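What follows is a set of notes on a single structure, which appears directly below.
Chains here go by letter, A, B, C, D, E and F, matching the order in which they are written, and residues are numbered from 1 within each.
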């Protein structure tokens, strides 16, 4: 069962949770509402950055208070999410870019001309 | 909650069974995965549903009524691992079969 | 009082996260391109992770922490593989 | 005979088993020396003949010798060797004629033939036949019965390079084998009625059998056995086809012994089975039909052996008729004719063998006037033929007269009263006619013109057996009282016992009806033959019954049954296709579950709680699953992604319902599966959506599948709902919760169960994982992609077209920064894996989970850098991981055994380490370490083996077409 | 020392990670975590050959703060766009030249830009040292490039090069 | 706990140790010493199995080695129950596996990777399935034996094997799901997994739950029937068996018997002793399926022209026969069935091995094999250097003919060999049962007899094709002693089983008596006073 916290703290935790969820939800709705893939790619990062951050922060506060010790687990999760999300996004964006270029789709920057061979591997 | 889980099991097993009955190997492998989800949840449901009662003892003198039935969980754990192994095996066999027959039909018929 | 506030806000948050999940599902089903679906799955993992965190608070339990952590740490392996397959036609070259 | 009496327990087994031992000896003896094999057989046959003759005094007065060897006493099946008068008579026929046949065969068989096999089989047959007639246990009787069929099969097929020999052998075996099985069941039923399988008990059962309601079943099956063996109509056709056997075999099996087995059991069981209308009608008229049919058909045979074969059928019909009539005197006549027929028919077969041997043919059209070339043989054959025709002063006359007497005097009603004597006379006429045809056609007339060589008399020793037999014919025929009488009396008495009637063996009974019948037969036979002898010689096939060729019908049924019908049935009630198979399995499982559970499902209460969040999760999961099912055909990637959604919902549900370990495992297995399937997807063919014009049949099938799937879903949902809404019965689970910490030393009860309470399951399970990994590895070692997947993936090829030569660099650029991050994740993931491993006993985690995490760490590197890049840097030896993992698990278990506790007994303690404090040390942790190592090894092995296919660029399957299978059709 | 501890920063990070995961800084955990951290970092050196050197640790913390603030700001900005009844962002691609060459630093920049809602790292061209970025709500391209160069690239250059 | 009691677990541990050994030394395909050690493990297993059987035969009828793993009290921990039935099955497995292993070591082991560990894993799975007294543990061992069988079915590769194996795998994966659902429902209604404990709990199941319990048992039954090869759940079987490598197919001969074993064990334990509607749960269905299976197998045998396919259908015939025997539910019939299961398994195994030897000496077929090897095989693998050399034997054709004849007689159930005796034992007991003969008696009689006839016809046709038309003359065929030896031993055992039918059947009668008095089993596993 949820532990009893001081009122202001529970309001704080609640606010963080709700705001974080709202941001995350907004990001997800972005997936639905935005028209192109390049726009949609920005949606999920709301959940991985501030949305997630707020919920994790709420959790850290909550458990630190109820367990009466410093709980910083959530930091690890935040770090992992922050590090890993860009990997997928970059790969996906790059793959999409490539597909669009090959298919000759509109509104995509052209492939840069290869000026010289890369310096060193 | 029981209803939700029962419906979930039903939908998963129905989708999975439908795929098992399809002719393409890929459909079958997805079907196997879905059915295994359904079966795992089914086994879990046999221990009755408990929220907030993970069978992690909080001390030596805990009241055992506060914990979910660990037996189905142990069974499901085994089932998940075996299911993973079997999916891998089936995948490789279907690849080999396709390599030899040139078709991804379960009976090796032409496309 | 504070318990009620927390309960209701967690409930609201979980509902919002659940709706967010449905939004990702929309992209997963509708597409139109594979990259849209993969992106949605990646987002779904994050939402699920956050749902677990709220579940932890709701049940006052830290049991789900590791699960959330692994979702954050390894959830991307699947989507990376998918993205790579999309780009290269094979996952491991 | 003035021989010392021999102990029964030695003599009877010797009589029965010596032939078998000799058979094995002959077969095993090195070399194919004709002399050695023949000599051994002759000596054994002589010993057996003497032995059986020497046993006569012991049974002469109605005594029964019994020797019992316990075999399966609890089932009432023993080797009971039982010698009474009837058995003795048969034993003498078998051994003595066997001896003569061996002598004869010594000259008959060509040195080119595999002689050892011949003699071994002949000996085995002799043993089987002796065992049959001496069976004192009716199951044993059925056993030896079937043995005679089997050995005769091999003997008929002796010259198996000949197609007709193979066909004849197969037909004989199938017909007589079927009969044998029927006889076996009949024996079971009789044993059931009597309450014992011992022949003595059966014979002592009085009217029990005929009064039993099971009598008709027992009788029909019994007669099926007897009639097939004795070639009774309509099963007679196998016998002429068995004439492809070497002539000594025909003489022995198909005249003297094996075909007599049928009439033997009719006689044997006559006392306890004949007293019933069913017996009378079936046996008598089957016999009569056979008698007439055989004689009639014999008349039209061109092949001498065919003629003799049909004659044999006819005579067997005669005996059967007698036995069917059910009077004691008829039984006496039957027994007498059994002996008589054996002597004259065996000698005739041998004579035909000599003719065949000397002229190279048995065709009556080519043979003529042979009495000039083979005077002795001709004389002997003429006498034997006369016996066959029933000429007075020969043994055949005596028993035939008895037959005529019985048919004439038997008077139950008008039909029988007329049909039997008329039929008998008619058959007698026909037999006289074919006997004349035999004698006249072969030995008289002008010298033969179509022969390839000039015939000569055979060596005297080859004639000797015939001489002896013909001598017996004469002796019995002239002075029956002092030759056959005592032996016949013993045999008759053993069958009829107190019912034994008075009978006379004298040659002259006065001028009575039977004699008139005989005269009619004689004259009639001549009248039939003389005017038509040319036509009878040249005629092709049998008039009237030409179309009734049993052989052809049999062959056609056999071929149709085995080829068309069987294949049709196998096709109709089975399938090679996978989808119907799965359908049947699932349908039956559903049907079984519903049938068993539906009626007593109990009440289903309404739900009392609903969590909208979980509802949302499953809205996601359910739609994902359905969409995955819908997309799986044409949008594989989409389907996989959606499957991921369903998997995630499952994972969350595990977490929701207090199963964190499951949620973790599900998540990780899900990720690993995704990578795995993606690795495989590269080798599957491209799919592009096709226009939606599905044929009607396919659509119907789809509806049907949807219906089944829906029902399965409904069933599982209902069952799980029912269980979940009811209280749990008091089961084993409390024990684990109560003892996990106290006895198992861990607070994570699930983990303690996995590594301790139910560690044995886990040990099996990791073995499964290891085995699957080995299989995957082995399969991929020789993997050949399909030709359309062998090229580099389309994406890479398109890229090459789009930016020639830059593919490698683009890939490099494409991955540069993500790969760096993924490389850096490696140590992080490894540390997390170790963390999850260490905490497993107390908190969610453990070997499985840590193992998959660890392997994902490796996979991540492969994803980032590619196979070559990783393997230049890391050397993972997954097979060793698997081996060591299993070894650790095994050693943990065996360690307990060494200490005297059962396998896998755990121990734990808290070690007090300076500076650190109390550290829990449980052997279960070592076990879990084994699990970890194995999971790492197996998962990595499977994934990497699959990944390796991309760099192998292996040969394409089907690039070299299989060569035409040489001779495949012949073999099949 | 170098062979024993090829990646001191990594080892230190792993030790901290271990302790955070264990939620304990007891001596036992430190000792055990240290062993693990060193062992794992040694194993990792096979796939991470180049050693990381952070020249200005304080600047690194500054970077984290700067990025954190930007992330909060852009979150709110993107949310306001998304909650608009008809979201119509003025999105666009930007190709910018980078002075930064250190791959590790580039990775950090990529992570920051991508993790920030509103900007996404698409394609880095090593030959020309340019990067293609997609920006969600692009008002002024010049200003945007300048901000990135000033706020992040400069800091990263200081830290790593 | 004395040391002797460990004997119950050794049949599982020895093959496991063998498997680990192979994994640690690597795939030593061409190393004669490694092959020798592998055979050594199998010999050791055989000795232990003989010892186990001997110990049980010496002790009272109701004796069994009950082995609580991890020393946890029954029914909480997993328990092994080595009773007479288990001992017989384990011994049969050991004999068959040793023969197949020696046969394979002549050349088949080198046709793919990791033959030995997979082989030992299959044996481990089989023995575990026979010995365990826990329902879920039975599932695990089923999975183990299946997993190993998948690998072995694929051993040697090639189009037919892979295709057949794929069907086999899919069907058995579905079967595994059914198994899990069945176990789950049984656990959900009884709260326990131990077989004896389930049997004990059945009378106490709430009336409302009985339907669910029986639904679980029914679904579980379908899973077992799939493994037992019952029509119409057997479709995977003929293809899988006939395309598997011969020594593998030989070992597979016992796999359908695991399904039979499971049905016999659980059905007699849970239902045979019950009263009311539970008394004959599923009995009629089982009987009808048995008849159908026998019929289908016989017709299939009749339709088969190739020996391996024929042998596969013979497996079906024996599977159906065993189902009939179980459904008959009379100790005497069970006695005969147990005798039958041993001889039919050994003979079928021998037949699969024999098929391979015949293939080698048939000139045309040998050519095909070479061609297909070249086509399907792995060119990286050198096959010839370590092969057992074949030698020319003067009477080879006669020898093979005898082997074939014995196998044919046993499989067709013709006199005088053990196949006949087993059928006689079953039928005699069927007629001897109370109220016999009933309709069921006639059905079982007809099934056994007619199937015997069909098998006879099929075997005769095959025998004639092979020995009378195809085989070259007796001028010395080349055989490998390592291949012919095991066949001869297996068939000699069939003959010996006939000669010593008396003692064998009295052992089986005791076994059947024990099986049909489930309370004995329950009391052994759950000592009184310790039941929960």
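Just a few scattered comments:
Here is the rule we use: a residue touches a chain if its C-beta (ideal position, glycine included) is under 8 Å from a C-beta of that chain, and two chains touch if they have at least 3 such contacts.
Chain-to-protein mapping (UniProt): C = Monovalent cation/H+ antiporter subunit F.
Small disclaimer: the values here were computed from a predicted structure and weren't measured.
Identification of common neighbours of subunit B and subunit D yields C, F. Minimum number of contact steps separating subunit A from subunit B: 2. Summarising the inter-chain layout, the chain whose CA centre lies farthest from the centre of subunit F is E.
Contact count check for A-D and A-E (C-beta pairs in contact): higher for A-E. Taking the mean of each chain's C-alpha atoms as its centre, the chain lying closest to the overall protein C-alpha centroid is F.
Between the Cα centres of subunit E and subunit F there is a gap of 62 Å. Centre-to-centre separation of subunit D and subunit E, using mean CA positions: 74 Å. Separation between the centroids of subunit B and subunit E, computed from CA atoms only, is 39 Å. Shared contact sites, meaning residues of subunit F that touch two or more other chains, fall at 136, 140, 143, 147, 150, 154, 157, 162, 166-167, 170, 174, 181, 185, 187-188, 193. Counting only residues that touch two or more partner chains, subunit C has 14, 17, 19, 21, 24, 38, 40, 59-60, 63, 69, 73, 75, 80, 84, 86-87.
The set of subunit E residues touching two or more other chains comprises 17, 21, 110-111, 121, 123, 125-126. If you draw each protein chain as a dot and join the dots that touch, the picture is not a line, a loop, a star, or fully joined; it has some other shape. According to the touch criterion at the top of this document, the contacting chain pairs are A-C, A-D, A-E, B-C, B-D, B-F, C-D, D-E, D-F.
Those residues of subunit C that touch subunit B in the complex are listed here as 59-61, 63.
The residues of subunit C lying in touch with subunit A in their complex are 1-3, 5-10, 12-14, 16-17, 19-21, 23-24, 26-27, 33, 35-36, 38-40, 42-43, 46-47, 49-50, 53-54, 56-60, 62, 65, 68-69, 72-73, 75-76, 79-80, 83-84, 86-87. Touching subunit D in their complex are the following residues of subunit E: 7, 10, 14, 17-18, 21-22, 26-28, 31-32, 36-37, 40-41, 43-44, 46-48, 103-104, 106-107, 110-111, 121, 123-126. Residues 1-27, 29-31, 33-34, 37-38, 40-42, 44-60, 62, 64, 67-71, 73-74, 76-78, 80-89, 91-96, 98-104, 106-107, 111 of subunit B touch subunit D in their complex. Within the complex formed with subunit C, the subunit D residues making contact are 612-613, 616-617, 619-620, 623-624, 627, 637-638, 640-642, 644-645, 648, 651-652, 655-656, 660, 663-664, 667-668, 670-671, 674-675, 678-679, 681-682, 792-796, 811, 814-815, 818, 822, 825, 828-829, 832, 836, 843-845, 853, 856, 859-860, 862-863, 866-867, 947, 950-951.
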